[in-house]
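Dropping the structure in here first, questions after.
Going by the order they are written in, the chains are A, B and C; count residues from 1 in each one.
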């Protein structure tokens, strides 16, 4: 029979069941769209009004929403987390068996766990080690001397350059590149000469890396991604950046080289982080912050100018360009009034 | 014989022929560089002065430029559109026949139209459907359960993750990823826990998607790209974004999750669009706008600070940081003058 | 025996040896981390204090640091450049022999030098020419009619679209796409119609292109990258952009179409460059500059608002939105004081 009973979901996620535990849950949907057989959740109080209207078979809620819940419920202190567990039970990562697809190219010196799957068209270089239950998706390229821990998932068309090391349960989304040469050049007169990039990329456990991300290898020493770091799509990380555990970084963020970021930080989309900085633990940059200096103290920092109607923007830019003049004019007014009052 | 006669081009594009229709056109070039056998066009009036000097065999122009045209002409109300048609006649997408390259890996459950081409090294998963005349370029990965409509062109090294659905005549440029997991994590104490991403990406008809774009699948429900949407390179689109018909988005734009964009909008390069917003129809953001709130009304909106000489910029930034103080000083001056005048 | 003697390194790089030339160098490391058998360098005077503490077997320094150097030294006018040469001697690009991997797909009309290497899963189209000593890495796609000069290195999973031309010794990092269709559409009423993109991408000698970069082919005429240009990761370059020799561009920079950049320029990360501009020689944009007009004069230009504590930022943004009012208030104060003084 399809799906999982609500009482089983409660048991397996540690949530408290209210209502009929025998109903079978086969899918998830939003509060508004959920219908027969579907489970949904209420985590953001903004959506509270929709709870009374839901047609879901079950809802994951916190205890204080139970009174207004019109249907079966799983109650938990953290509905979003319980939802994550429920969704994972209902829709686990597609099953795969260990083995090597006949179209994969695997160097004979590679050491691949029998329970690891090497997908079609994947290319695995010399001296690579791949741990148990790893999933190496189609079209992935793993250069020599890489190490891939237990249960990593390289979804498709990932590139790991020479020597890249992944911990356990790392998910890398399609198109991501780890270990590309950093942007290291020495000046020879007016010309740039390539500086060989000799470090590697080291990734901790339970990391997720987004689509088309590019993380450069270290120039000397390594680029290091801590445990449980989450990187969204299209992030650029230059050589020798270090990211602390549990830090989450949104899409399109760019890092110059050698910056160290602490633990538990967050960065909104399209932040740009200068090189050779130190960012402390629990520092939060909202979207589009330009980070030009170290921020060692925990806190929320921001930059970026919100959009406005074009006509207003044109004026604001024009005035901003003259802001020094404006400041001087105010200074002159102050001086004049002071002189006037002294004359009295 | 090479090329197409000017009268044939006129007939097939609906333009009006002026001059010698028997000349053969074999190539296109700019007004300034065009020579014997080449056709060019004048769409932007800025380039009008170059018309009299052109050595092209033919020019596509509007009627009001005919008087100063020194050579054969195709006259049309919309020379840029007529040029697009002419260029397409002269240089159609390279011909291909239906079939599967011997190095492609196609699951036996995939349903592929006999007129579709599956290129070398392409990988097509289980239960995939590919429509007539589709072109699946080299190194492309199509995960299970995708649907690809008639005459789609996936140029090379594209990735479509599980369940992605494309309409008809969609062109996807190399390196683009559709259907990667969205950035969805629940907090468990200080740690992030992955929330399974269960929606798909749905793409309408006549869409073009740029190189190395990343479009995430929906978390719950789908990410939706409307008909005739045009996406430039390196765009990041998070889960559950919806883009209305005929909207065009320039390179490097980033979208946070669940934002809905209307029809006929444009966004300049490197805009960043916050999550959970509603953007109306015919809203235009110029380049680098940071969009933090919903804009439901049609209009042009802007953000971003244009570059200036470094010394001026340093001063402007310093003054801007003190702008609150400046404002307070002005307030004090106003108060003082008011007090003075009341004393009189 | 492993490594290279210090006297050999001196000879081959033109540096002056101080100390024991018979020591063997096997690795590189930073000043602080280097130990037995390792060489390091001091190029940035900020790190001078660390020199006295280093445990390296040798250090590359300039003559004025020789007095405080606690170990063997290679002295050079340009330690960074000498380091680049030393690193290249110690860790040359991994050796490869000419040949075609059995899993590569090479069109029979392609002309491949016997000393070129075509890696596993690479796909080489019709009429492609590949020069001596070229390295075509795994999973790379080369469409028909491309030209690849001597000793180019396409690391892995690179895409060259139809007709792309590379000079000699060009390195392209994984995921980069050259020659994708530019963002060219004509308006037909409210709809966008694709304009065929008929130019190519031309790349000079000794260019390096970063991971997941996207460079569009020309619309009419070509997109041109000069000699020794260095492009970092995730750069977007639209159709018909031209970049002058020796220009270096950091990560995440985006270019709109047809802009011409001079020689010897630099651009910091995440700059955005408008279309149809002319940037002169030796123009330098610091990170995040929004370039809306031509800058023909050499110099340093900047934009971007550095991050600040969130509370300060909220105030600064609010005041900036009212900057026109502030300016008017100052004008009124000035007028009033003028009137007052005239009345006296």
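Methods note: a residue touches a chain if its C-beta (ideal position, glycine included) is under 8 Å from a C-beta of that chain, and two chains touch if they have at least 3 such contacts.
All figures in this text were calculated on a predicted structure; none of them were measured in a lab.
Although chain B and chain C share one sequence, what matters here is the overlap of their interface residues, and that overlap falls short of half of the numbers used.
In the CA-based superposition of chain A onto chain B, the rotation angle is 120 degrees, rounded to steps of 5.
Put simply, the C-alpha centre of chain B and that of chain C have 25 angstrom between them. Listed for chain B are residues 103, 121, 139, 157, 175, 212, 234, 252, 270, 304-306, 308, 320, 323, 326, 330, 333, 337, each touching two or more other chains.
Those residues of chain A that touch chain B in the complex are listed here as 28-30, 33, 40, 78, 80-81, 83-85, 87-88, 91, 94, 101, 103, 119-121, 137-139, 155-157, 171, 173-175, 208, 210-212, 228, 230, 232-234, 246, 248, 250-252, 264, 269-270, 287-288, 304-310, 313-314, 317, 320-321, 323-324, 326-327, 330, 333-334, 337.
Contact residues on chain A toward chain C in their complex (touch as defined above): 103, 105, 121, 123, 125, 139, 141, 143-144, 157, 159, 161-162, 175, 177, 180-181, 183, 185-188, 190-196, 198, 212-214, 216, 220-221, 234, 236, 238, 252, 254, 256, 270, 272, 274, 285-286, 289-293, 295, 299-306, 308, 312, 315-316, 319-320, 322-323, 326, 329-330, 333, 336-337.
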